[in-house]
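We just call them A, B, C and D in the order they show up, numbering each chain from 1.
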Amino acid sequence: MVELYILLILMIIGSVVALEVKDLLSSVVALGAVGLGLCLTFLVLKAPDVAITQLVVEILSIIILIRATLKKGLPMVATGGWAFPSVIGVGFGVVLLLVAIQCFPDLPKFGEPMLRVSQHYLDQGLKQTGATNLVTSVILDFRAFDTLGEVTVLFAAALGVLAVVRTRGRKKLEQAGAIADE
Amino acid sequence: MNQSAFLIPWFVVVPLAAAFVNSLIGGRIRGLPALLACLTTFSLLGLSLVATQFVRINTTLVYHVGGWKPPIGIAMVLDGFTVFMLVTVNLVAFAIAVYATDYMERYTSKAMFYSLLLLMLSGMNGVIVAGDLFNLFVFLEIAAVASYALVAFGTERHELEAAFKYAVMGTVGSLFILLGIVFLYSVTSTLNMADMSLMLAGQRDHNLILMVSVLFLMGFGLKAALVPFHAWLPDAHPSAPAPISAMLSGVLIKTLGVYALCRIFYNVIGFTPMLSAILMFLGTLSMVVGVLLAMGQRDLKRLLAYSSISQVGYVFLGIGLGTPLGIVGGVFHLFNHSVSKSLLFLNSGAVEYATGTRDLKVLGGLREKMPITGATSFLASMSIAGIPPFGGFWSKLLIIIAAVQAGYLGYALWAVIVSVLTLALFVTVFKDVFLGEPQHVWQGVKEVPGRMQVSMIVLALLSMVSGLLLLPDVKEAFLRPATAIFLEGTHYAQVILGDI
Amino acid sequence: MSKERTPGMSVIVKTVTRLTAWLIMLYGINIVLHGHVSPGGGFAGGVIIALSFIHLILAYGKEMVLKKLSEGLVEVFESTGALVFLGIALLGTTAGFFFKNFLPAGEPFHLFSAGTIPLSYIAISLKVWAGLFAIFVALVLLRIDKEQG
Amino acid sequence: MMIYLLTMVLFGVGIYGVLRQRNLIKMILGIIIAEHAVLLFFILVGYRLNGRAPILSPDAPITNMVDPLPQALVLTAIVIGLGTTALLIALAMRLYGKYGTYDIAKIRELRG
């Protein structure tokens, strides 16, 4: 399990770098490293489906993010002078950790999940759905309704992006009574 | 499984199919998107009215998606509270779809607008009928993503800015909710809400469950704009086109916030005295802060948005009391506020449509130019402010009586004070917009087109007669089954799993 | 930096892209079709197919790709994918339940097995590919220099 | 136990980024990082020590498989996150078009 710790610590370092470095392009690249670390962690945790999806999704979102940051004369990110949000941010993190330390003994031990419902998927998945990839059998048969929702979220996001990038949202007013008095 | 349960999936499928078809061919045929949206919302309203017939005798219908029994597959649940919310949401959505057919002529890309509206509606219906925690999250995200895009629909700079702020805070809220779901999954190893409730039976006082409660409170509180988490609402709601403002303020914050919070806290995690105290405190805080902030606004829609924060506070106070009367009051106020606040936003849209501004200092004397808008606006204001014959009065009265009965005199006093302040606020607003000397600038103002008038009149009539819901017979059919869900609490699990 | 310069990157990049883009796309299709027997599936496959098109756009410039595949067409693909998936779900109601897997499970480890799952994956991949491509094109075409007003 | 804590640290870093940063792109990065942490936590919860990936093989029966349910849900959550992120980036780019900057201090005109 050492590799898990190493990967996680690298991810944390990467995300701190991504958030603190002054150049936007560098921080996006650092985020790419974090995403790659996440993908490797999924592989270590025996989740190949998730790893593949995470990898390609990460590539796509990094391309879009780089597209957003590739501009001429983009100034370095200014920091400092914002003491209050910093205190809130750090305070939130510390409180979260303290609460989490209190809570984690209630969780099942790491590496020993309860597998109440999932045991059924493991035992009966092939027989009942015919899919040898059990994750697929869950996605598209046992819990296919979630997948419909997920497809719809992506649909809504694509429509939303297309709606947001319109240059003109309103038609020109031609009515006589409509006098904006500004 | 009951045969009538086959009704349930259509609440999600119909708007989804309409949205897909709309974006496939809606852009090519003129007038089709509007027609499709009106037909869809009308059929959904019909479906939800049919559904009220099935829960009359306090039955709970469960649908097994894919034919898998609930802990294995996804369940959809139809019980009293579900039906109540479905009727509220689809009623408001129908009025808004009719209103938008005229109003959205001012905007470009109508097909896209209706697709997003229908997606948001299907997301809300999905949240309401969800019997599975992750399913609830997924549909919540559909509604949320569609609403982020709709807030920015005008693509002016302040709209984009409000949408960005809303999207960031909404996404963080969703992350909290997802984290809470992960924690619950790890201790119960199931996602079905009923099954989860049974699994949690012995460990409701663990630290972990407390942390999950706090996460859900933050997540759903962000969606419902409870006071410490309300910063996005006064920007986002006024920035959207008027029908969407009405949808967001009228039903979205209640579905994603109030309904989901109640469902999870009452039926899954279990309602504790501490939670009750927190909900009542936050509700009262929202009530007071919302109305005080609304006082100083010049922008009509921004004022209405602050007032929404205040009125959702009433709902939380009523539901947080946990007594039968308080819950009836809270749920009833939810309905009243949905109807009258949507109507007020539609009125503000009509005023903006006719005059091009929503600045209270500039407007004035519109009563004679816009009689329908003026009259409906008067009715809605009186209902929100709590004047006797209207629904808003009865629901606030119930909440206040319940608070007194439960011994929370302080909260009852605050509720009365806020009610008086709301009355003063809306009287001022009405005077500023509709009464007074008609200024010469507004001589050319005409009343808004017919379909906008029709939908405003329908909502105004509803807000006038909604007090009748408290009549014994009607109450048994509509409000009583809804509140029974709260009172049965975690017994919900036996009801759902007993049906399997 | 003369005006006659063709859009896109250098000749080397274009040549390599011409060779690899189809391979990437085929790999994506392979992942989609074998989603039920091996890791991968409709989402990953759909994203990979979208990435192959994005690869072409990055190398050749947007004009050349959009001439072949207009935005309207992409929207049609997206809606069709979503509708087909919903249709498969609705066909399940004929077998008793919404989302019922109404086709026989078939022989395990074969391409044609697991009932409706491969069909759903094809619909999903169509939708995911078109949706992501539409998002990318919208963001690429967006003029991000300062607008007037 | 320790690994859960490290994941929480990652989540905290992400939320810190959202609260602390005054640049639109950095806020989006913070959201992405926090989301990564939640997804990782979900997979960790379903992990079984010395487990195998939940994919059957034709020859040998496999007994010690990890929990497939969190993996399916995380797949869903990844795509949802991608959609939200794309929308956020589109909004940010439009705001850049309007204001010529990603800096929040120069953008925020609205009152809270």
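Quick note on the criterion: a residue touches a chain if its C-beta (ideal position, glycine included) is under 8 Å from a C-beta of that chain, and two chains touch if they have at least 3 such contacts.
Note that this is a predicted model, so its numbers are computed, not measured.
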Highest C-beta pair count, chain pair: A-D
Most distant chain from subunit B by Cα centroid: C
Computed distance of Cα centres, subunit D from subunit B, in Å: 28
Mean-CA-position distance for subunit C and subunit A (Å): 20
Inter-centroid spacing, subunit C versus subunit B (mean Cα positions, whole Å): 36
Sequence positions of subunit A contacting 2 or more other chains: 48-49, 53, 57, 60, 64, 68, 71, 100, 104, 107, 113, 115, 117-118, 121, 126, 132-133, 135, 137, 139, 141, 143-150, 152-158, 160-162, 164-165, 167
Interface hub residues of subunit B, defined as touching at least two other chains: 16, 20, 23, 65-66, 134, 138, 141, 145, 148-149, 152, 155, 160, 163, 186, 191
Residues of subunit D engaged with two or more neighbouring chains: 11, 15, 28, 45, 53, 55-56, 69, 73, 75-76, 78-80, 82-84, 86-87, 89-94, 96, 98-99
Category of the chain touch graph - line, ring, star, complete, other: complete
Footprint of subunit B on subunit A - complex, ascending: 99-100, 102-108, 113-118, 120-121, 141-146, 148-150, 152-153, 155-157, 159-164, 166-171, 173, 176-181
Contacting residues of subunit D [partner subunit B, same complex]: 11, 15, 18, 24, 27-28, 31, 34-35, 38, 41-42, 45, 69-70, 73, 76-77, 80, 83-84, 87-88, 91-92, 94-95, 98-99, 107-112
Subunit C contact footprint on subunit B (complex, rising order): 6, 9, 13, 16-17, 20-21, 23-24, 63-67
Subunit B residues touching subunit D - in the complex, by the definition given at the top: 134, 138, 141, 145, 148-149, 152, 155, 157-158, 160-165, 167-168, 171-172, 174-175, 178-179, 182, 185-186, 191, 231, 234-235
In the complex with subunit D, residue positions of subunit A that touch it: 1, 4-5, 8-9, 11-12, 15-16, 18-19, 24, 27-28, 31, 34-35, 38, 41-42, 45-50, 53-54, 57, 60-61, 64-65, 68-69, 71, 74-75, 77-79, 82, 85-86, 88-90, 92-94, 96-97, 100-101, 104, 107, 109-113, 115, 117-118, 121-122, 125-126, 132-135, 137-139, 143, 146-147, 149-150, 153-154, 156-158, 160-161, 164-165
